[in-house]
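Listed after this line are the structures, all set down as C-alpha cells.
Note that chain A is present in both complexes that follow, paired respectively with chain B and with chain C.
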Partner chain A sequence: MVPEPVRVLRRWQELDAVWTLELEPVKTGGRSFQPGQFNMLYVFGVGEVPISLSGDASETAALVHTVRGVGPVSNKLVALQPGDTVGLRGPFGVGWPMAAAEGSDVLIVAGGLGLAPLRPAIYHLMHHREKYGRVILLYGTRSPEDILYAGELAEWGERADLEVQITVDHAVSDWQGKIGVVPALLPTLDFDPEDTVAMVCGPEIMMRFTVNALRDAGVEDEAIFLSMERNMKCALGHCGHCQFGSTFVCKDGPVVSFDRVRGLLSLKEF
Partner chain B sequence: MKNIAQIVCEHPFFHGLDGEFCDLVCGCARNVRFNPGEYLFHEGGDADYLYLIRYGQVGLEIAVPGKPPVSFQTLHDGDLVGVSWVLPPYHWSYDARAITLTRAIAMDARCLRKKCDDDPALGYEVLKRLLPILTSRLQATQMQILDVYAAPEQSP
Partner chain C sequence: MDDNEDASVITPDGLQCLLDVLTARGYEVIGPRLRDQAIVYDALSGIEELPVGWTDEQDGGHYRLKRRSDEALFGYAVGPHSWKRFLHPPRIPLWQAVRDDGQMRFVPVRDEPPRYAFLGVRACELAAMDIQDRVLLQGHYADPHYQSRRKRAFLVALNCSEAGGTCFCDSMNTGPDVREGYDLVLTELLDGEDHAFLVCSGSEEGEAVLAELPQEPATEAHLVAARAVVERTRSNMGRSMPQTAIPALLMDNLEHPRWAEVADRCLSCANCTMVCPTCFCTTMEDTSDLEGATAERSQRWDSCFTSDFSYIHGGSVRTSTRSRYRQWMTHKLATWVDQFGTSGCVGCGRCVTWCPVGIDITEEVRAIHDDVSSGGRE
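Right, the complex of A and B next:
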C-alpha cells in the first residue's frame, strides 16, 4: 500500500493537455506488467490517481503513462519535469486477454485517449504476430487534431500485417480521411465474428455503441473485452469505491469481458 | 461491360431487390462521375437526385460563415448519399462534396418517388432499405452531439 518513489525520466506532449511520462523506479529496478494494467500515481501532498500503462510491456526499464490533465492530481502530473519524483503503486488489475486471444483474429476498437491502455496490447500483438490471425485496429476520435499517437498510427497503417482505420467525428475540408463515429466502421468491416476477440477502450458511451455493433455483427459477448474506468482508490478491491455490480474494477478489471457487465453498462446508478 | 440495370441491382442499396422492382427503379438511374472537390449538391438546393456511390469518397459538410466548412460524415463505396429526396419539401440540408474521384448512380428522385407512390410494395421495399441507414446515421449523430471524447468536467 506504500507508494514507491519513481523519477520522471522524460516527458513529451501528445495533445493539448495530454502528456506522456516515462518513469523510472528510484530504489528498485524496472518492473514487468501485463498490457491493460494500471498504476496508482501519487503526487505528494495532492493525491493519487489510477493511470493505465501505455508503453511496451517488453521494455521493463521504464514505465510509460499517458495522462490528460483534467483535475488537481492529473494537472500536477502533466506539469512534472524530468527529475521530479512521484509515488507509484502497482501494477494492478487484470489486463487484456493476450494469451486467450492466441490463434484468433483480434479486433481492437479504441476511442480518444482509450488508445493509451490498448497500446501495450498492440505492441504485444506486433511482437508475437505469428500467434494471432488478422489484427485490425479501428480508432475514432474527435477531430484530426485530437489523434493520439498520430505518428505511430501512421507507421502501423503502413504495415502489411496490421489493418488500421481511423475516423474522426468532424473535420475541416483538408482532412482526406474518414469522418464518422468509430462503431459505424464495424458494419463495413469484412471479418469473421466467430473467430474474433474484440478489445475495446474509450468513453463509456462509445463502448456501449461499439458493443452493440459488435453483437450485431455476431461477436459473442464472451469474446468482447472492455477496459472500464471507475473511481479506483485502494486498487486492491478493499475500499469498494470502484465496485461495478459484483465486479471490483480495480481487482477484477479494469479489463472485463462483456458478459460480466452486460446489463450494467446502461444503468445510471453504476 | 455491365449495363446500368446490372450496376443498379448489384449496388448494396438495391441488392436482392425483386427483379421486377429492379427493372422499375433502373428507369430512374444514370451513371455520374464527380472529380475531387466537385459538389454533388448544396444545402437548400432541390433534392432532385439521390446518389448511390459505386467507388469513391464523399464528404457531407455544413458551411460555417467566415470559416472552412465542417465535415461531419464521409460516405464510401456502396453508400447512399442523401435522404432528403424522400421527405417533403425535398431540400438538401447539407452540402455533399467528392473527396476523391467518385463514380455513382444518380437516381432521379421525382421518378423514383412516383414509382414508389404508384406501387406501394416497391415503396415499402425502398423504405425498408432506407430506414436502417437513417437509424444508424441518427445514432452516429447522437454520439457526435454528446462529444464523448471531450475532457470530463470533473476528474481527479
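Right, the complex of A and C next:
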C-alpha cells in the first residue's frame, strides 16, 4: 500500500490538457509491465489515480504515462515539472492477451485517449511482428486536433505490415481523412472474424457500439477484449470501488473479454 | 452445535474467571455493553458490565431496549456494532509522505493492534468473519491490517438464546447454532435461579483457557437444555430469506421495476453498509499539513451508497439511488457468490433494523421473486 517515489524525467504535451510523463524510480531500477496494465500515481497531499502505462514494455528504464488533466489529481499530474517526484504503486491488473493472440490477426480499435493503454500492445505487436497475422488499427477521435500520438500514427500508417485507419467525428474542410464514428469503419473492413482477436479501448459508449459491430461481423465474444474504467482506490481488489458485476476491474481487469461483461455493458449506471 | 463429550458447565462467576484468564493471557476483552440506548461492543473488564437483564426489540427501522424478567447476560440479539469494527477498523492510518527539498519519501505507519478476545460472537458473526477472511485474506494480496488482528483474536462464541425481530440466519444457513471457527462456545442456560453456561472448546488455545476455569462436567440434562435453547431461537426468527436461486433471480432482473420502487424509499444514507458485518469497502483519505511538508493517507470505511464511490473523470457512474441500491443488493446476494464462493449475507438483520425507513432485504428479494414467478406485471 506504500508508494515508491518516482521522478519526472521528461514531459511533453500531446493535446490540449493531455501530457505524457516519463517517470524514473528514485531508488530502484526500472520495472517491467505487461501491455494494458496501469499504475497508481500519487500527488503529494492530493490523492492517487489509476493511469495506464502507455510506453514500450521492452524499455524498462522509464515508465511512460499519458494523462489528461480532468480532476484534482490529474490536473496536478499534467502540471508536474522535470525533477518533481510523485508516488507510484504498480503495475497492476490484467493486460491485453498478447500471448493468446499469437497466430491470429489482431484488430485494435481505439477511441480518443483510449489509444494510450493500447500503445504498449502496438509496440509489442511490432517487436514480435512475425508471431501475428494481420494487424489492423482503427482510431477514432473527435476532431483532427484531438488525434493522439499523431506523429506515430502517421509513421505506423507508412508501414506495410500495419493497416491504419483514422476517422474523426467532425472536421473543417482541410481534413482529407474519414469522418464518422470508429465503429462505423467495421462494416466496411475486410477481415477474417473467425481468426481475429479484437482489442478495444475508448469511452464506454464507443466500446459498446464497437462490440456490437464486431459481433455483427462475426467475432466471438471470447475474442473481444475491452479495457474498462472504474473508480479505484486500492488496486488490490479490496476497496470495492471498481466492481463491475462480479469483475473487480483492478485485478480481474482492466482488460476483460466481452463474455465476462456481456449483458452488463449496456445497462445504465451499472 | 455438536454434542461434545468434553462439554463443561461454568457458573456466571466462572464467566468472570474466563474474562480474568483472557486478560492475564494478554488479551483485550471486547464484549456487549449498554451505550446510547443500544447494545454495542466495547472493552469489558467485568461481567457486571454486560447488559444484564436487558433485551432488545427489533423490526424494520426499529430498535428499543427492554427489561427482561430474568437476569440473562446474553438475552438479546445483535446490535448496531459488528466485530468488523475491530478486525477491519473504520479508519486505519497507512503512511505519511514527507517532502524535503522537493523530494518525497514515504514512511509506513506502524500498525500494532492489541490481541483481542471477543466475548459473545454469534453464529452469524462467525459466518461474517469467514466471509471477510475470503475477501481480505484469500486473494493474491492479503490485507496485513486485517490479518494481524484476525489471526491473533480469541473468539468466545455464543449459541443464540434470543432471536431478534429482524434475524434470518436460519434461512441463510449460518445459525443460530455455532458450528465452527471458535476457540470456546457458550450456551446460556437459565432456569429459575439456576444460571449456568455450557462451554465447549474448539481449538487448542480454547482448551487451555477452559482448563483454567472452575467447572463441572456437563450432564445429559445440560446438553438437552442447550439444544432446546437453540431450537427455540430457530423457531423464533423474525424474518426469512426466500429459498430460491437468488443470484440468477437478481442478475436476470436488473431492470425490474422494483429497483425504482425501493429507490423511492431509500435515503442512500449508507447505514446498511456501515452496520453490515461483511461490507468491506473502503476509501483512501489524503490530508496534508498547512506547511505542505507532510501528508498522510488513511484507509476509511466507504459505502457504495455515496456519490463519490463510483466517481470517474467527469462524474459518478451511479448517480441514482436506484443504481446504488441495485449495486449493493446484487453484490451482497449475487455477484459476491461469483467472487468469493459464498453469499455476502449472513442473515443478521442489521441492515433491516438500522435502515431509517425500514427497507428489508428479504422483502425486496421476495417482491422480485413473487413478481417474476407470477409472470411479471405486463
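General observations
The criterion applied here is as follows: the second predicted complex is superposed on the first by the 269 of 270 C-alpha atoms of A that agree within 3 Å, B and C clash if a C-alpha of one lies under 4 Å from a C-alpha of the other, contacts with A are read in each partner's own complex, and residues count from 1 in each chain.
Going forward, contacts are C-beta pairs under 8 Å (C-beta built on N, C-alpha and C of every residue); 3 or more make two chains touch, one makes a residue touch a chain.
These numbers were taken from a predicted model, which means no experiment stands behind them.
Looking at the shared chain after the overlay, A:Glu22 reaches neither chain B nor chain C.
Contacts of A:Gly71 after superposition: both chain B and chain C are touched.
Touch criterion met: A:Pro3 reaches chain C, while chain B stays clear of it. Judged by the touch definition given at the top, the superposed model places A:Gly112 against chain B, while chain C stays out of reach.
In the superposition on chain A, contact is made by A:Cys234 with chain C only, not with chain B.
In the superposition on chain A, contact is made by A:Lys178 with chain B only, not with chain C. By the touch criterion stated above, A:Thr188 is placed in contact with chain B alone, chain C being left untouched. Contacts of A:Thr141 after superposition: chain B is touched, whereas chain C is not reached. When the two structures are aligned on the shared chain, A:Phe248 is found in touch with chain C, with no touch to chain B. Overlap of the chain B and chain C contact sets on chain A: residues 47-48, 68, 70-71, 74.
For chain A in complex with chain C, the residues that touch the partner chain are 1-5, 26, 42, 44-48, 68, 70-71, 74, 83-87, 229-231, 233-234, 236-241, 243, 245-246, 248, 251, 264, 267-270. Residues 17, 47-49, 68, 70-74, 111-113, 140-142, 146, 167, 169-181, 183-184, 187-188, 202-203, 205-206, 209 of chain A touch chain B in their complex. Residues 94-95, 97, 99, 102-106, 108, 135-136, 139-141, 143, 251, 254-255, 280-284, 286-288, 292, 295, 299, 302, 304, 309-314, 317-320, 322-323, 327, 330-331, 335, 338-339 of chain C touch chain A in their complex.
Against chain A, the residues of chain B that register as touching in their complex are 59-61, 67-74, 76, 78, 97, 99-100, 136, 139-140, 143-144, 146-152, 154-156.
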